[in-house]
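First chain A sits with chain B, and in the next complex the same chain sits with chain C.
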Partner chain A sequence: MKLAMNIPLIRLLVIKDWQLFQKPLAAHVLAGLFALGLLGLARPWAFYLGSLLLIVVLVAGSCFAVSTSLLEERKQQTLAFVMSLPVSPLDFTVAKLAGGLLTFGVPFMVLLLGTVVVILSTPLPDGLLVYSLLIYGHVLLAYCISLAVAMQVQSEGWNIFAMIASNLLVNPLIMLLGQIDAISVPARGEDIVWSLPAVAILSAQLLLSLCTLAFTAWWHGRKAAFY
Partner chain B sequence: MNDIQSGAPAGAPPDARVHAFDHLRALAMLAGVLFHAGLAYSPLLHPWWPTADRQHAPVVDTLLWLSHLVRMPLFFLVAGYFAALVQQRRGIGGLARQRVRRILLPLLVAWPLVHWGTGAATTWAAGAVEHPAPMLRMIAEWMAMPDAPSLPPTTGHLWFLYYLLLFGVLHWAGRALELGGLLRRWLDRGMLAVALCLPGLLWPGFALAPAPHPAPESLLPQFWAIGVYGPFYALGVALHGRLDALATLRRWLPAGALLCLLAYAIFLLQLEAGLTLANAAWSTALLEAMVAGWGTLGCLACGLRWLAQPRAWLGYLARSAYWSYIVHLPLLFAIQYALMDLEWPWAAKFATAVVTTLALCLLSYEALVRRTPLRRWVG
Partner chain C sequence: MMAAFAVSGLCKRYPHFALQEVTLSLTEGEVMGLVGVNGAGKTTLLRLLTGIAAADAGSVEVLGHRLPQAQVTAKREIGFASEDMRLYRSQSLDWHIAMMRRIYPGWDDAYAASLVHRFDLRPQQTLGGYSHGQRVKALLLLCLARRPRLLLLDEPTTGLDPVARAEVLEALADVLRDERRSVLFSSHNSHDVEQLADRIAFLHGGRLIAHADKERFLDDWRRLLCLGSVPPALSSWPELAQVRHAGSQVEVKVRRWSEDLPARLSAAGLSVQRVDPMSLEDIFVTSVRAGGVA
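And now, the complex of A and B:
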């Protein structure tokens, strides 16, 4: 595999993705801050409303990032224009992966840090941190799967299916975590307990996310032509 | 001579530095030092403030809460103006970099140091002061508990830096969502319309907090603080390049000042019932909103009228104000704890505390900031 890449152009493509995503990103950040503010009220109704809104914002953020960066561009035949630029399929793949990770990663990290601050600085039990990180881990994995599918599959229907299915699996995950005593019991206490099941689930989420991205990069990078 | 319409020196280019804003920001921050020093002699805050002195006087409350309702709104209005200025000159990326260098880094570095300094002074006072304030006594009892629960971390008096960062994010979001047109249309209706509707915008924010409103020290965004300070920041952004709009305010200054003082007098009467942790009544919140809105606009108009010329001493205060404000509270607490057992009148203690604190702040600015690389961050 030829690894020489056109870095300046990749950078421009990433900046282009970032700029096109500004509006949805701003809306997500505003909604996320509102959700964190609700959580910070430390009242039961505000906690339920805030946590629900936070999950909605995370899922919507992941879907919008994939949709803006890949699906919309496909509809507008942007690839045909990109092919006229001095970029290889590998350059394009790297730009899309980096752009996608940036547009998703910024709101994701802002909300992740906000959640950590909320849990540690309010009367909410600190043990909730592990539980929350596992949910964030799932959203990350769902995003990576959606991104990989969007890069691989042209069909809009299959892409929507992949986004909805992977993100909706957060519901069974929340139920599953509630069934595992080693995770659900400490979540109600003040100690942050990294039990074996919690570490195993988070590690699996991170590893699968990484493998999905690495496989996607390898699969597309080895192509000699765009089609 | 300065151009009264814009506040900039006559003949200066349109984007020339508006000295009045520098001076107003400096005075707002220094008013904070006076405010924190005055809290020790406030009858209203006596049960709640750790440096509360045995000597206190009702006149302190009369003066204190007026400055409380105006100084931080004014600060955020000026901050919004400067943020728009930086954005115009360096773009939104430049504004973000400037916020990181001038706000985020100083906050991250100063926060633990200030926290430690204030804590050390209070720990010393809890054991050494013979006539402690009720709050200091409570802190001493709490410290003596074998398993005392730890308090959640707060931003302390550096909350304004946290909110400047938050408003920076909201500024970017507003720009990305193209909400600037709303601000422009708001200002297009004329400054009198802005002045009339400003209390209405602030009202819900004040109603979501106790009266007088506390400092929003929590690490989480407080809706009431965004509702109270956000409109001022947004107005500051909108006023950039539109300072001529303020000219009409000058005609209304005497009437506005009278209304403001009247609202403040009624507010003071309502405060006589004492301080509670419950949210303010809607009527009290409206009075606060009127005082804060009109008082801030009045200060702005006065500043543009009388503080527009560059003056050496005000320029020096403006440059040292940021550093002074960051470091003043631990110093002030230590000095006021040391003064607690003295049999001096409150006014003498207040003057000693303010003069000594400001002297130490300015000396440390001279020694540590003015001629060192630190001035890039906090100078």
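And now, the complex of A and C:
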């Protein structure tokens, strides 16, 4: 497999994706910051409303990043324009993965850091940090799965199914975390406890995310042509 | 002269369509028109020529580069626009031009500006506000101003109103004055092809049914109106593509015209009343109806 890549053009395609989607993503970040503001009030009603809104914003941001960078490009037939540029399938795959990670990753990291700051600097229990990071870990994994499916499958129906199914699994995850004492009990206290189950779950989420992206890059990069 | 492209034994199979054994080449500086109905395989052939699609069998060489392996190098010298290709509706033409300028070192700003003026486009306006004709012209502008050595255009005039179509064809005619630039454009509108092309290729059902110089096509084909009854042996004459009754007359379409044909027809019992040249469209339709043999 020839690994020579057209780096300047890959960079240009990533910048293009960023320019195309930066305004809607900024709106997502604003909505997320509003949710964090509610969380920071540290009142029961504000906590439930804020956490619900934050999860909705994270899931919506993840779905938006996948659907605009790949599904919409396919639907609007701008993908044909991109493929006509001097890019190989490997260049295109790397650009899409990098662009996707940027458009999803920047708002994701802003909200993740915001969550850390809110938990540590407000009356919310600091132990909630581990619980929150595990939820963020799931959103990241769901995004990587949705992105991989979108790159592989053209059917809009299957893509919507992949996005909804992977993101909705956050509900059973929250329930599962609540059942694991090593995670749920410290979440109510002031100590940040990285128990074995918490480390195992987060490691699995990160490893699966990485493997999903690596497999997608390998699978598409070995193709000689787009069709 | 170098070949702008050469394909040999090209096959590409999809679930409901197959491009079969296409062998075709174009010398640098020539303009080839690819004529075929919808679904004939024109888009598939053009995708193979850009390296976007890989052939199941056969070879593709474009401007000396083997495809799809060297598609990145080849695509730097190719301008490709297809009917199913769209620009970003949320962005302006200026945004697209800035992007092209960064990708193609040979981007010609002065030429781009002249095309903006010629096509009467508003470069600051987002393309979502453009009409279909304006969007096609914008795409064409982005292809032409990169000064490609090979221009591949898939149905460039489809869906355009008569004025926009004339403007696009005029711009293409200007491009064709450059003797080093090669053009392959597909169309189901044979009038456009007849207007611009030096060479013609007919594609039907995934097969190349004919390819030759335009003048040779027009010289070879004739429509004869005759009186008399059709002798049964006429169907076996290889130079005749179609024989049918047209009212009280017999219409004979000839794929290889020769001066002695009227005399031979007369000897067979048909008296030739008129001999007319045929349009490219008529030649194409007759070729298809004759079973894909031109």
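Here is the rule we use: the second predicted complex is superposed on the first by the 227 of 227 C-alpha atoms of A that agree within 3 Å, B and C clash if a C-alpha of one lies under 4 Å from a C-alpha of the other, contacts with A are read in each partner's own complex, and residues count from 1 in each chain.
Note that in this section a residue touches a chain if its C-beta (ideal position, glycine included) is under 8 Å from a C-beta of that chain, and two chains touch if they have at least 3 such contacts.
Treat the numbers as computed from the prediction; the structure is a model and nothing was measured.
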item	value
Clash or fit (per the criteria above) of chain B with chain C on chain A	fit
First (chain B), second (chain C), both or neither touched by A:40	first
First, second, both or neither for A:30, with chain B first and chain C second	first
Broader residue contact with chain A after superposition on the shared chain, chain B or chain C	C
Which of chain B and chain C A:71 touches, first, second, both or neither	neither
Which superposed partner A:20 touches (first chain B, second chain C, both, neither)	second
Touching partner for A:116 - first (chain B), second (chain C), both, neither	neither
Minimum C-alpha separation between chain B and chain C after superposing on chain A, in Å	12
Set of chain A residues, in rising order, touched by both chain B and chain C	none
Residues of chain C touching chain A in the complex	47, 50-54, 68-69, 71-73, 75-76, 78, 80-82, 84-91, 95, 99, 102-103, 139
In the complex, chain A residues that touch chain C	2, 6, 8-9, 12, 16, 19-20, 76-78, 80-81, 83-88, 91, 223-227
Contact footprint of chain B on chain A as seen in their complex	22-23, 25-27, 29-30, 33, 36-37, 39-41, 117-118, 120-123
Chain B to chain A touching residues, read off their complex	152-154, 166, 169-170, 172-174, 176-177, 218-223, 226
